[in-house]
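Accompanying notes for the structure given below.
A, B, C, D, E and F label the chains in the order they appear, each numbered from 1.
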Amino acid sequence: MNAEQIIKYLKEYQGDEVNIMEVCGTHTASIFKSGIRSLLSPKIRLISGPGCPVCVTPAAYIDRCIEYALKENHVLCTFGDMMKVPGEKGSLAQAKGDGAKVELMYSPLEILEKAAANPNITYVIAAVGFETTAPAYALVMEEAISRGLQNIRIITALKTVMPALTWICENEKGIEGFLCPGHVSVIIGSQSYGELAETYHKPFVVTGFEPEYILAAIYDVVRQLEARSDGKTVHNLYSNAVKPEGNQKAQTLIEKYFEPGAAVWRGLGPIEDSGLYIKEEYQRFDGGSRGLDRDIELPESCRCGDVIVGRINPNECPMFGSGCHPVSPYGPCMVSSEGACGIWYRNR
Amino acid sequence: MNAEQIIKYLKEYQGDEVNIMEVCGTHTASIFKSGIRSLLSPKIRLISGPGCPVCVTPAAYIDRCIEYALKENHVLCTFGDMMKVPGEKGSLAQAKGDGAKVELMYSPLEILEKAAANPNITYVIAAVGFETTAPAYALVMEEAISRGLQNIRIITALKTVMPALTWICENEKGIEGFLCPGHVSVIIGSQSYGELAETYHKPFVVTGFEPEYILAAIYDVVRQLEARSDGKTVHNLYSNAVKPEGNQKAQTLIEKYFEPGAAVWRGLGPIEDSGLYIKEEYQRFDGGSRGLDRDIELPESCRCGDVIVGRINPNECPMFGSGCHPVSPYGPCMVSSEGACGIWYRNR
Amino acid sequence: MCIAIPGKIISIEGPKAKVDFNGNLVDVNIGLVDPAVGDYVLVHAGCAIEVMSKEKAQELIDLFQELEEIGV
Amino acid sequence: MCIAIPGKIISIEGPKAKVDFNGNLVDVNIGLVDPAVGDYVLVHAGCAIEVMSKEKAQELIDLFQELEEIGV
Amino acid sequence: MKINMSHGSGGKASAELMRNIFGKYFGNEVLDKMEDAAVLDLPGKIAYSTDSFVVTPVVFKGGDIGKLSVCGTVNDLLMLGAEPKYLTAGFILEEGLELDQLETIVASMAETAKKAGVVIVAGDTKVVEGRGGLFINTSGIGLIPEGRDVSAANCEQGDVILLSGTLGDHHACILSARMEIENNIASDCACLNDIPNTLFQHGIHVKTMRDVTRGGLATVLNEIADTSQCGVELREDDIPVHPEVMGFCDILGLDPLTMGNEGKMIVIVPEEDAEKALTLMKETAVGRDAVIIGKATAGKGVVMKTRIGGSRVVDVLYGEGLPRIC
Amino acid sequence: MKINMSHGSGGKASAELMRNIFGKYFGNEVLDKMEDAAVLDLPGKIAYSTDSFVVTPVVFKGGDIGKLSVCGTVNDLLMLGAEPKYLTAGFILEEGLELDQLETIVASMAETAKKAGVVIVAGDTKVVEGRGGLFINTSGIGLIPEGRDVSAANCEQGDVILLSGTLGDHHACILSARMEIENNIASDCACLNDIPNTLFQHGIHVKTMRDVTRGGLATVLNEIADTSQCGVELREDDIPVHPEVMGFCDILGLDPLTMGNEGKMIVIVPEEDAEKALTLMKETAVGRDAVIIGKATAGKGVVMKTRIGGSRVVDVLYGEGLPRIC
């Protein structure tokens, strides 16, 4: 089997329609950049899952971030893609224009140096992300404790992928297979998906980010589905990076600082145990992360929830391209350059 | 006697050479602007005394101001003419370029509103001036106390005119008569000069700021000197504003908050009791004003001291126009637009 | 720089007055004086420091008469 | 956005390593892994999250062989 | 040494910066003339000028930064005897600027350009971090009709100096807003086309023109005296200053002679044309308060006869002209 | 609504600002062409353009804001087929700027201008409060020789698109400095005179030229497709990106197609001239890495064939292109 054969197979595929969800935002970006959709038979549908942690952040969280950024002697530190997400009082980008102190970070660990240099300023980290990013925030706390830094706060909107995948398997029967999230799998390990594959009889394929990896994984999923047996299983095509047991050091660190709790996913609603919150004994770091569930009231016509789980394509939303476009995004799926609506808009 | 007669008299005066000191910076400015010097006989010399409180401020004071302006959460508030006065590490204007927080004020009383609005910022007022300005700082403290404001500090370089005049009468025999400082006289009253006039047999004339007032006062001094009797005395040509006893409410307020102490006058050196310092019981307002005596070491060639007391004209200083000019003033007399050297330079 | 010209009190509110200098209205503290609306005051660094004698405030005092009275 | 390409450890100093991505040197925390100089690591948000299997780090894994082994 | 505010004041420190840095590297025949605009030997003679505008507040009584940015460049072109034709506009916008405010300003620019008969033919926009303000640069091109030779170097002994109106209005207006002093002083911000137009139409021999902007009349006259190698003599009594502006100057210790204006100019003509020029200027809206303020002499520098008959040297502005306590 | 950083990014938000505000008030025949420079019916045909430069850091590998400010305007003039002649320079200096640094930058401008054969004929300086930085505006005039007609509207189906070299160098260089990522990436900042010079000398029928600046190749090609009412087809494999720049993009999730350059241009020629144009471009220093990247089609928008044979729409940059976490 070589790449050309795979491409030919996927292009000419005439079997049952299959709906495959890629869970990872970086996979979504690579699919878009390499034009993979144009190489697939119309019978193969790729659905961009809730794999962008920015897109699933509720409005109350953004509002809390802005509140801190406007507070005297406080600076809010965030990744760039959070800047445009709308809260109820506008986005961080708009707030910055109003004088809010917002600084972009490349890594949360940068904040340690800033905090040490400016003890009178409190640095508030907007901690979004999945299992891949959570250990970085844990390291920030670990270091802050050992260096005695008092002026760091963290507002978490951290999410874990397994409870969300379970929710989708349970509630969205139409999704038949999964491309497992890339670097999340590095942390949690490929064996995590075993139980889901077995329970719901669905293929889960772990893969890398190059288009060839993705094509191979799609091929793998389609072939497993074609087999029509119950033996759907987890395949790991990214074995040079992803171990069956994952990164246990990272897992230990997450467990040391965080505990699971219910979290709201835009479009999916609240899911039990799908968020990570700072444990009681490290509460002094917490910028007030719990209970930030209130989300923006999307107008009835907005179909974000349906888009995220693949019930409709973005262009079937009545807001698409009229009320909602990348310059002034209405729904979160339009905000991120990896959000499903944003990608569809650029390819309209 | 009308204005023309006075001008004719002063132009054609051929008696003994007379040296008259105008003590008030605003008189100096008016003399310059109206071209009064060009109307006087060469036998009448006007000497600009230490009447500009900015010019007589020592370097240590400027350095202290800059120190505060560079301190986190501190803002230094100053009148505009202090900006260019050189301290040992440069001027406030230069420090501002380096990021020091310096704000210009029109009145010290403005600071009350700012301080009330920003309780986390300490406002440090550079309090220069003579008896005219001192009551304003006293009012700031009075109000700050009644409004419970904790975040105002005052660094004083306040001076009183009488001890300086006494020093000059004692040490600079060449100065034969005085135009009394205009608004200082409003506060201290015209009768303050009586003792000096009597002791040193010199005329002291209080006058307003219009050129006619100044001409009349010069005429008055020259006529008193010509009389060659011992009966030199105080004349008040500004009686619509200056009372014999001055403004007693202001005097009381000065006494409530300030006490006299030795102060350094650039060019004159330290003079006993010629400074005003915040009293012990209001020390919480003091930004560390005492002991700021260290002055910039002027090179040997600099003749600031001689210029201020009229021993030489500015153009006799070897630095004049070469090392020292208004864009980069070396000595304090070049800094202020009312400093003697600055005025001579613009009229060179 | 002292403000050489007197300003006219337009209104008084507590410790503050609005003072008119040739059409320029400035907020001035009047804690050092007891002026009435219509009075002319001398102002320095945001404080009124004296109320001018009423009859003489608006014009140059008759200096020359004064000189003669003094007898110089 | 995960960094899809692995970077090569150039030097290690305490909890930090310099990692080379095609000539771009980035300071990376290595608290989650135990790499040696010369190893290839995956990096996310300034942290190395895994050391890549040495023989496979620099090239695309032979996916197609893997697919055949898996038997799909 | 570092840049401080006085380097931008248009006074001496600015001039030193000009000479020591820009002059040193940019020096060329055209630039060295130090005119408001460059006279270029293109096919046909054109004037070409630039200015940046950084005023705060950006909207003020009598105008806004947009109107100012058009007037400023149009006036600079006019001062060389050119007919202004085309402008470029470069915007540097600070984050946080209200779009509504920007729209107001842009509309005002467009209106001003239309009135002044110029077309904005190229533009650029950048956004920077900041506090919601904006800067505007304009450049302009004007055509210089055959036979016109207007220059700061043309002034000769005996020539008469006319001023188009009162001094200090713009400066006092802006400072009033910043210091929250209430008054009715409005900026004089205006395009001055009507004055040169009428003077040329009526055959006045215009030797020198200058708009009296940053640095004030004192600075402009000193530059002309310097360039033309002559002296200038003024009479204080003849220099018009609005009483409200004078009151404002009294409060802050400022001198109208060094204060900036944005719709005032001087014209220098031979003595025989002076009265006719004055009459023509007074017939225009922007020159209705025009006066003869003095004449060129054989001397050096600028000297003013004061109201009481004294004489004083009028020097350029040093540093910034900050409000003072003493 | 308020201005935010994306309004200055050269992408969609900038375009909307252009249309909704500046276009609304400034609209005129010349400006509406939305070219890099205005083509003016003066006696003789001239190009006249402006740009402001606000880059930080102000000195970077491969250049500085001074060099940039000359190259930027010179290149814009060249893109219309003009021979750049004169520049103006407007400086807005922030308080605290080191004079030494200013001198370095001004010297660099002068040197760049000399090399590019342009003379700086007018200037202006303002100082504002700030943090020691500076902004520079330049405007420029170039002469357009008889018979040249280069325009973004000239592109037709079948025409071939050439790119003068690698993408993303300037953008990656500046972001590296700001984010303290060590690498050897230098800005490509350069005046492009040699490319149009050689093409015109050798009689190539140049239909369209554009320097590929803010917004990147994606934005420039979309604008041309839009103006010329054609489609553009690219091949990913043909688009040169330096491996170090590619590594930088991988780290931050950036796309070289939307990254800014300061010494790169595209040239569009009829198919029959393409190979000769390519050879000529490769003979110049600034075009030595030139390649053919695609062609104009009967379609709409810009479409790219990817390495693995897929096809994707290449859209303009939205917002700012910030480094992302996900």
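The criterion applied here is as follows: a contact is a pair of C-beta atoms (placed from the backbone, for glycine too) under 8 Å apart; a residue touches a chain by one contact, two chains touch by 3 or more.
The UniProt protein names, listed by chain, are A, B = Hydrogenase formation protein HypD; C, D = HypC/HybG/HupF family hydrogenase formation chaperone; E, F = Hydrogenase expression/formation protein HypE.
Bear in mind that the values here come from a model prediction, so they are computed numbers and not experimental data.
Farthest from subunit E, judged by the mean position of CA atoms in each chain, is D. Of all chain pairs, the one joined by the greatest number of contacting C-beta pairs is E-F. Shared residue numbers account for over half of those found at the interface formed by subunit E and subunit F, and the copies are therefore classed as meeting with the same residues. In this entry, subunit A maps onto subunit B through a rotation of 180 degrees when their C-alpha atoms are superposed, rounded to the nearest 5.
With centres taken as mean Cα positions, subunit F sits 35 Å from subunit E.
Subunit B and subunit C have CA centres that are 21 Å apart. Annotation for subunit F: residues touching 2 or more other chains are 2-5, 95-97, 132, 252-253, 324-326. Annotation for subunit C: residues touching 2 or more other chains are 1-2, 4, 45. Counting partners per residue, subunit B has 3, 25-26, 29, 79, 96-98, 106, 129, 133, 212, 338 as the residues that reach two or more other chains.
Inter-chain contacts, as defined above, occur between A-B, A-D, A-E, A-F, B-C, B-E, B-F, C-E, D-F, E-F. The touching residues of subunit F, when paired with subunit A in their complex, are 2-6, 12-13, 16, 179, 252-253, 255, 304-313, 315, 318-320, 322-326.
By the touch rule above, subunit A contacts subunit D in their complex via residues 1-3, 6, 24-26, 29-30, 79, 106-110, 129, 132-133, 135-136, 139, 142-143, 182-183, 186-187, 208-210, 212-213, 216, 219-220, 223-224, 235, 237-243, 247, 249-250, 253, 338.
Residues 1-5, 7-9, 14, 17-18, 21-22, 24-26, 28, 30-31, 37-38, 40, 42-44, 46, 48-54, 85-86, 88-99, 102-103, 106-107, 109-110, 119-130, 132, 135, 137, 139, 141, 143 of subunit E touch subunit F in their complex. Taken together, the subunit F residues at the contact with subunit B in this complex read 95-97, 131-132.
Listed in rising order, the residues of subunit B touching subunit A in the complex are 72-73, 120.
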